[in-house]
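Handing you a structure now.
Should a chain be cited, it is by its letter among A, B, C and D, assigned in written order, with residues numbered from 1 in that chain.
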Amino acid sequence: MSAPSGRRRLKVGLIGVGRLGRVYARDLASRIPETRLVAVADTNAAAATEVAAEWDVPAAYDSTTQLIDDPNVDAIVIVSPTHTHRDVVIEAAERRKPTFCEKPLALSLGECREMQAAVERSGTFFQMGFMRRFDPGYAAAKKQVEDGRIGRPVVFKSTSRDPFPPSLEYANPASSGGILVDMGIHDFDLARWFMGEVASVSAIGGVLAYPDFATVGDMDNAIASIVFADGRLGVVDLTRNGIYGYDIVTELLGTEGTVRVGYIQETPVTTMTRNNVAHDTVPYFMERFERAYTRQLQNFAQNVLSEREPPIVLRDGVEALRVALAAAQACRSGTSVRVSSVA
Amino acid sequence: MSAPSGRRRLKVGLIGVGRLGRVYARDLASRIPETRLVAVADTNAAAATEVAAEWDVPAAYDSTTQLIDDPNVDAIVIVSPTHTHRDVVIEAAERRKPTFCEKPLALSLGECREMQAAVERSGTFFQMGFMRRFDPGYAAAKKQVEDGRIGRPVVFKSTSRDPFPPSLEYANPASSGGILVDMGIHDFDLARWFMGEVASVSAIGGVLAYPDFATVGDMDNAIASIVFADGRLGVVDLTRNGIYGYDIVTELLGTEGTVRVGYIQETPVTTMTRNNVAHDTVPYFMERFERAYTRQLQNFAQNVLSEREPPIVLRDGVEALRVALAAAQACRSGTSVRVSSVA
Amino acid sequence: MSAPSGRRRLKVGLIGVGRLGRVYARDLASRIPETRLVAVADTNAAAATEVAAEWDVPAAYDSTTQLIDDPNVDAIVIVSPTHTHRDVVIEAAERRKPTFCEKPLALSLGECREMQAAVERSGTFFQMGFMRRFDPGYAAAKKQVEDGRIGRPVVFKSTSRDPFPPSLEYANPASSGGILVDMGIHDFDLARWFMGEVASVSAIGGVLAYPDFATVGDMDNAIASIVFADGRLGVVDLTRNGIYGYDIVTELLGTEGTVRVGYIQETPVTTMTRNNVAHDTVPYFMERFERAYTRQLQNFAQNVLSEREPPIVLRDGVEALRVALAAAQACRSGTSVRVSSVA
Amino acid sequence: MSAPSGRRRLKVGLIGVGRLGRVYARDLASRIPETRLVAVADTNAAAATEVAAEWDVPAAYDSTTQLIDDPNVDAIVIVSPTHTHRDVVIEAAERRKPTFCEKPLALSLGECREMQAAVERSGTFFQMGFMRRFDPGYAAAKKQVEDGRIGRPVVFKSTSRDPFPPSLEYANPASSGGILVDMGIHDFDLARWFMGEVASVSAIGGVLAYPDFATVGDMDNAIASIVFADGRLGVVDLTRNGIYGYDIVTELLGTEGTVRVGYIQETPVTTMTRNNVAHDTVPYFMERFERAYTRQLQNFAQNVLSEREPPIVLRDGVEALRVALAAAQACRSGTSVRVSSVA
């Protein structure tokens, strides 16, 4: 049986089938009308085979090169570990295959520059992944700001709280970049999206809840203060000990009003007992941003099929990383750091 | 030391210094600039003396007649038990002393008629007490409805929940009128205030949480359905087992929108623990309506001093009672009862 | 390419591809791992063909008999108009094909009896559709009640509000059953699910917002009071003029607490402007219950595949209808109606 | 007529009858059972006389010395402009009259030292005013933290938003200390109350909404990052353009949970119109903290009458000011400032 006539589907190859990769596989295979998942690749061959079987995917590889070279693959979605992004992006660019790359782009600006050079040289379509921009809440807030509902936004505030700490292996700044990169990059991307470029950043942080984090050189809490290029202000606070649930809140304070995005209630049930009114919380990021992930991939496919420009470009990945690295440096040095000085 | 020149104060005599009477004493003596509390009366002479001492009141009586006859008393506030209202109101009317009477006016329409006759005959100023109308929330909702914010209100819904049951002695319908009178009269007054006269009412009820209530002939839960004179609809539900807190909610559903009054959070503190977000509740009626009680007495004093008409008249007390009695009768008979048939 | 080995999928034939039918098609074809959509049928042949093309369905029919007789079809999902349910259910039962039927089962108890007889005679698996029971909120509330969180529930309250009126054609009680059946059946099913059988019901209603409704004999607002078989109480209020949004709220008041299900905010955005804090609302039923519909069909497939009993049986469809019909009769007669007297 | 036998009242002299002073006069004269307002003083003699007349106060002065020397005055409450605090506190200390002083204690640490020396030398009772600590919300949050509800608090967050800017005359840092002192001192006091001493602070700020503020050298927005002495973290953000209402929120993020204090809804009315749910906001600080002001003065009187230690001492006023001055200095210099270096 063939695809319905008249509907064009983008034949996607997916690189990386870890926790998030499996969600992407499901979306590409079954939830996004504009895509067909035609290949998966993972260095864990068994995982690739398993996911392929689950979603009727014709090809499973243990090599990214094989997937990129598969003539049936029209576009690449990269959700493999960050340290692999550089090679895959460059290879996909050389084969001129439209690419979506999950955040963060890389852990060093040097790698970013190489990727940027390859993508620009080849002129390949490249879309950067920052799923919050596709969350219906964030999208609605952006529209309200653009519509002038709050006048001119002058202060940006964003809070990200994880309900439990990652493993020490994951938290290790050598692979995660540390809390200000790993968690903060989402908030720094939002900062740029809502307010524009960041001029300087200062930060404080510490190991306050999970002493083991000190052994790998990461922190479990951090606060970064932002001065934007035009003098407006921002603040981002991050924690690994959200405890009560996954809680992401962003607020734009404007000259005529304020808009806030975020919620912490998962199930619409309120329980009232003696002098107590209670509800549950959002367990973790997938419960909060599932729709955003789906919409993001759908947007990628639509852009490629319609030859539209990507709404989030490689440079957005670079600049969000630059702010995060500046914050990390500011936290170590105890001084404000000009973002442009980080290279 | 004398009262400030230029400020006229209404010299009030207070009848009844039980739980609510003591709140009225405090308000009349210290919180309402337009009043001076010059006498208190209670059949419990010790209580009268104690309250007089607490608030520097020059006269304390154990007889309502003495208080009404005190030439220093310009106006009467009645908050004694319901079965005493008839005699006191008639006596005050005969002395032509402006009177405020706490709800319910009486427990029988026969008594109401006698009071009404006395008040009309003498032409004395009489203000009925229904404090919810003076709550800032209810007042704001009334204004929104009058301003047309919700179009034409077509359905009236009101819920009253007590956090714990009264004593059996109190609950006894012989003195309280039963749940549909004792609790419901507030909601029935709101129904008339927001929507106009009630044509018919039906009701169901039962002893569902506190089996002892059956021994005195009262119920602990009841629901009354209302058809207004013009065909619009209403529903009132009452419970003695609110358990979690004191919860009063009223909603007007209109052709262009809905307005809802009510809250159950007392302290502005939210506590978030593992998968749980919680806050406290409103303990009881005084925490919810303290300001309304004060504003109501202040309004009474201002009306008397300025010779303005009372916003709530004796007839409002009669008609709210008539609806409540119709509901009680409907609950017993299992049929809808025309309010006008209750005499 | 074949289905993944090891995963059994139920091959489903879908009858009816109207508004809701198309959602079911999408779910059966792409969102439910346990199903495969192998046939669709609709008297509108073009619609059937279109849906089949959209979801790669091998067979499209304009006759329900053809679909039921298709040997590739293992199970039937019925979402065609209510008046067609009787014939399709009986036919599917005679072919012994497991059947899911969307609510309401029928508009008359006579039809219900015929369907019940056919299903019982054949012993065919039959699952009744009441999607609210599969909503994560309602499911969580049910669990809390069963876990004793609120003690014994003694009062059931449920509110259903549509944001705009249906067409007069749709509203016509001849096809919809009228507001107490069409809207109320969901609430009456919840009443039975949470509290058990209903003994009697009374109701009031009227044409208050949309005068045209009178021309077809329907009402736009109604309130039904319920006495359960064991004396506990309930109230259901329904409106076509929710205006602000789609709002479904159910509350169980218990001897130890209260649980409430419902929400009216769609996007997690709060906008604060001069003396105003505002958010949006839930547009309509699909935004509110999309997940519940999917979970319900998935549950059906799992039950058939695992030979488990259905959680909602044909009798649930009959009894919810009987309560709704009793309410409609009570509203016309102005008296309380014993549910068992409605046949 | 005499005060009730058995009740001791503290005879208070009030210095300053501006906006806040008049509220204090009302509270001392009528709302606090433990006090009697026996004298008022203000350089504006007419205002003093007017307030005295309003509340039956026997003495009105245009000189603070006269009030302090009045033998009828047992205790002093200071709510005059900040620059007058030094002289009045020293004079009251020399006369050994128990003193309550509204925040901020002074605008320079030099003045603070002189006041501290005078108070310590004389051993006079001195209570510092920070009303938020007496707000039922903040008090409940403090208790929850002390009870271990959130484990160990590790991050302190506090937001203060004024709904409109003060006059330029008021905002002038020469008299107000600037936004980080004038607004921030409340948050810095809360920081010390909940978390202990502050080691260092950095800050950013700007003129973002009201360009005129630049003409007097103040900012309209500022954000301060705090490192406490034990390494824990904090952040305070302040704005003059709250616009939507007066909004004060404080949050303690702990190792086992989070507690948040604050609300922005004034009237318990929710209005639902087409796709919009809205409520009002808290107009300004008096609506938010009226009860806290009253409780604070009552606490002062009870402490003096019962010879209890003050819960907030002069040093609290000094140290909150020191943090605020450190923040202001950090904002000017762009570097982190050690609080102990500010003298």
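Simple rule for what comes next: a residue touches a chain if its C-beta (ideal position, glycine included) is under 8 Å from a C-beta of that chain, and two chains touch if they have at least 3 such contacts.
What you see is a predicted model, and the numbers here were worked out from it, not measured in a lab.
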Equivalent interface positions on chain B and chain C, same or different at half: same
Centroid-based (C-alpha) most distant chain relative to chain A: B
A-C compared against A-B, more contacting pairs: A-C
Rounded Å distance, chain A centre to chain C centre (Cα mean): 38
Rounded Å distance between chain B and chain C, as computed from the means of their C-alpha atoms: 43
Inter-chain centre distance, chain A versus chain B - centres from mean C-alpha coordinates, in Å: 58
Residues of chain B whose C-beta touches two or more other chains: 243-244, 256-258, 265, 272-274, 280
Parts of chain A lying in touch with chain D, wherever the complex brings them together: 151, 154-155, 157, 161, 202-206, 208-209, 221-223, 225-227, 231-233, 235, 237, 239, 241-244, 253-258, 334-336
Interface residues, chain B side, partner chain A - complex: 243-245, 264-265, 272-281, 283
Residues of chain A touching chain C in the complex: 1-7, 30-31, 53-54, 56, 58, 136-137, 140-141, 144, 149-150, 256-263, 267-274, 280
